[in-house]
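Take a look at the structure set out below.
For clarity, chains are labelled A, B, C and D in written order, and residue numbers in each chain start from 1.
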């Protein structure tokens, strides 16, 4: 017999919260039970469209008994407390990344989660992208032999507003963190971090002491080397590529085409349209798969969801990258 | 104020009928009102999943007053009568291709439809494929200058069962007919048809005097020349490409990738996975767009749906191709 | 011991004659012995640059005893007589295509060559292009199973001067003839020809009753179908592609890139530079390989050079295409 | 009036010396005057094939007065002395990279060359590769706006013999040095170096304390960041790619195709043959262009040849990369 849908409490109804609300409504194994946002109008609009009760209080949501699991899509500073309250109620959590910008708060939360024994998944949605997941599975299957180099290119279409940059924790904790997790998806045991950052074009970055351009190099315990190239802008659109180089060959993940049509003229041949606009388009399938996997996790069915510890590891790496970029040293890391 | 959804009566619940049922259920502007199939179990299964009343009688469906429009997905020999009955009731029709295998029955139906003044759309779904539609729009916009040559490659993954071939009317009326309409999407006024067919691999084709491999050449009134290459099989998967060559350049529609991942080894580099399996995958977006456009047609809002006359034109061209392939003559055609 | 270089007499010092002169000078197994052109200044310029004696008389060249073999690159109407004189002297011939525009003159020459027993090679240089030769070898090796469809795209960058068109014998005998031979390179036994031609843009074609755009369809004895798409112009440059479709897969020959660099901007991504300008660039390697193979032929070492009979077959096919395009009938052909 | 060919004295007749000998013989503006190699048999074989007098003494060559310029292709430890002797005789020099493995010897040579006032070119042949040269010219022309990131991928097909590794000075001074110069071709002013190296597969590297896999990150004075990925092996062949990312777009240099043919089957589609074998194939055109440009330099006609100072800069960067990889620090550099 099919179990009843997992009743999900959604906290936060900004852009990413709305993506999750739509995903919950579309998934036959989930239902949107409660929607919380201190800006209650946002919660109401979401619940009207996708179902569930609207509330302005996350505590109400967590304590109501109406939800079987919690999806946290609220601002980063609220994550740690909301995870703690949820697991205290025995509610499995899917939390958007990053857990927090302060690793000491993350470390403090770690034993709390362990003791609660409740699963906490982190929203590293790119692991669920069909292309990246397939590339990784094919590496695991040995198609290219031992993995020796991994190159990740990740460039946003345009720099965020200066205010966003101020609160983001900087490019490494905000943007690179996705790529650091992708690196760990292929090579979980990273032991050293180098990074270099520049301010080339973004006023917001300049204002807040952040970088708009960065390269991060990681060394894995196996000796494999990872390179991550980031930029806060990209004229051709959202640029998300990966290349896994191994002893016997190479797997490459290309950008997703936005059309099958190419144009050839006297000026240039086989020109394709620019890349997809941004992550909502590029990772639409990944968000759906992430949610499905979280249901399995919440149900105790076995799951490949990235966990709280993956979120912690990514933050440790981001901190190390930040320090390396600032101090010009290679930073050894211990993710255990 | 949003009008209520268009209540659609679906006739036929085979593979393509089920695609349409799912599309009707997913489209906020349509609702599945009645489902008819003489094999009433099929109708019931569809109505249970996607809504609507099940009946074993198409006449019941058409006469019930429960449907605002009719979608005909039943076997080809039933199309003419069902269209006639529907328009007699004033019900707009979306009919799967072909209208009929016998052009005389189509010609007889033509004045009936004209007099009824009810819109009849034909299910040439490929016109709604984003890639083909974009290529055609860009040709219309003049990106490649005057269109001089159009090349269409259309190969099914594997030959159909011999029984299907027997009833299909042959490769030109069954398979090429889609490409003939695609040719007319770019170049409506075709004036001459040449074709050559071969029996190379398919027992069913051999048995029933059909071809499994065919090339059709069309001349448009403008002098532009169209080439259509068909095969009943394709080891690499469903092969659907188009190339529009004009005075100032070329637009090419590639096959849809099934993954963004490519593999390079000592044997070969940049190898991609095989093409999509078949039309349900390749044209999923097209079916949805086709339905949306039919709603506009039924509502009298203006529509780009291919019409009964497009269906008739495609059949005339298919007949001409058949004759050309059999008799070794170029066949002039008059589509007016 | 290495034999002395083959002493070649070159007749004709136009564009293609100069290509051959350079090739003869560059090949260590050949030497340019005599150069003949009624426009003796041309002969002198070539001999000064590449060696050999200049003369205004082809008869002088053929009768001089100074040449071991003859390369005929003079105007088409002179080919038949020059071949006849050469083989009468026992001199192996490499003759540019076509043999003649009049098939009756070709047929009359046929027994002459047979009786002389002297090898006559035809300048179908594309057979020696590394890409086409490799594609054909891989078809022969069975990589794609039985060959079922062959598609050839062949478009010149720009229409020739009207005068050229007048003397060329028309697009089929002048341009398509290369593609007809390429078709026979893969499928020697062609049994039927269909063609359609249009006059779309070229004043010269219009003036002289020729076509500037043509599609030719061939049926091979095996049932395989060949499509040849020709145009007298191509905005993107010299367009030379081929696709061999078989029971187990497909081999595709792309246009040669003119640079490894591609450009991506906000307008379009991965845009490459236009194709090569024309045949001198595209087939440079082929001309060299053609000459090398002719040396083997002249030396009786075994050779894959296309022969007089291949030249005759291509002309028969071109005549059939011309007739099919004019009369709207499929033309059966017998190439034996 | 055309000046007489530049008489070149070639020192060293190993693999690269032979490439240069062939290039000198093929270039109409150069002639091979003297060939020196202590292994005089090698010198003799080269002079027999490409001209010039053979000698076992480089001093003889330099002092003979028979050469207008010197091309040094002997083992690295001899470069400094041979450059010094040549410029002392007023002979322009084209020297293979690296100048020396010891930067102090290079610094000592620097004022000697300056005082002599004789041009010394360094054999960074990749600057002359048509693809890299075109990409750089297009960056200079502003096609992608300000250059922000430069990614260089450079992988040899297979690890060299262990003996070679021992004498090579390590991967950074031997292999990366080409890429460091390529970085400076686009961004001459490099100010900081980070590197990470691993020993993953090559016994020779392990034995001699070298790396077989390395990533080097450079920061330019402009803030632009360069990434260089190196490997001593590559299953798919010689892997030489570059990507220049700018404010307005991206220029990419692909690997050179070894064939225009691609294969599609039920297993994979559009698979191309592996990349070229190694540098002799990949950079054939570059060696010819390098020599031509050196002739201009030697003749005082103005030249784009990389100079002794470029060779020195690359070695400083290689040393910095070596130190960074060993000590885990970012190394600031001053190339002035």
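Basically, a contact is a pair of C-beta atoms (placed from the backbone, for glycine too) under 8 Å apart; a residue touches a chain by one contact, two chains touch by 3 or more.
Note that the coordinates shown come from a computational prediction; the quantities given were computed from them, not determined experimentally.
Chemist: Count the C-beta pairs in contact for B-D and for C-D, then report the pair with the higher count.
Modeler: When the contacts at B-D and C-D are counted, C-D has more.
Chemist: Computing the C-alpha centre of each chain, which chain sits at the greatest distance from subunit A?
Modeler: Chain C.
Chemist: Could you please state the distance in Å, as a whole number, between where the Cα atoms of subunit C are centred and where those of subunit D are centred?
Modeler: Centre separation, subunit C to subunit D: 41 Å.
Chemist: Just how far, in Å, is the C-alpha centre of subunit D from the one of subunit B?
Modeler: Those two chain centres are 59 Å apart.
Chemist: So which stretches of subunit D touch two or more other chains?
Modeler: 144, 235-236, 248-250, 255, 263-266, 269-270
Chemist: Please name which positions on subunit B make contact with subunit D in the complex.
Modeler: Within the complex, subunit B contacts subunit D at residues 235-237, 255, 263-275.
Chemist: So in the complex, the part of subunit B that touches subunit A is made up of which residues?
Modeler: Residues of subunit B touching subunit A: 130-131, 134-135, 138, 143-144, 248-257, 259-266, 269-270.
Chemist: Please output the residues of subunit D touching subunit A within their complex, sorted ascending.
Modeler: 144-146, 148-149, 151, 153, 155, 192, 194, 196, 198-201, 213-215, 217, 219, 222-225, 227, 229, 231, 233-236, 245-250, 324, 328-330, 332
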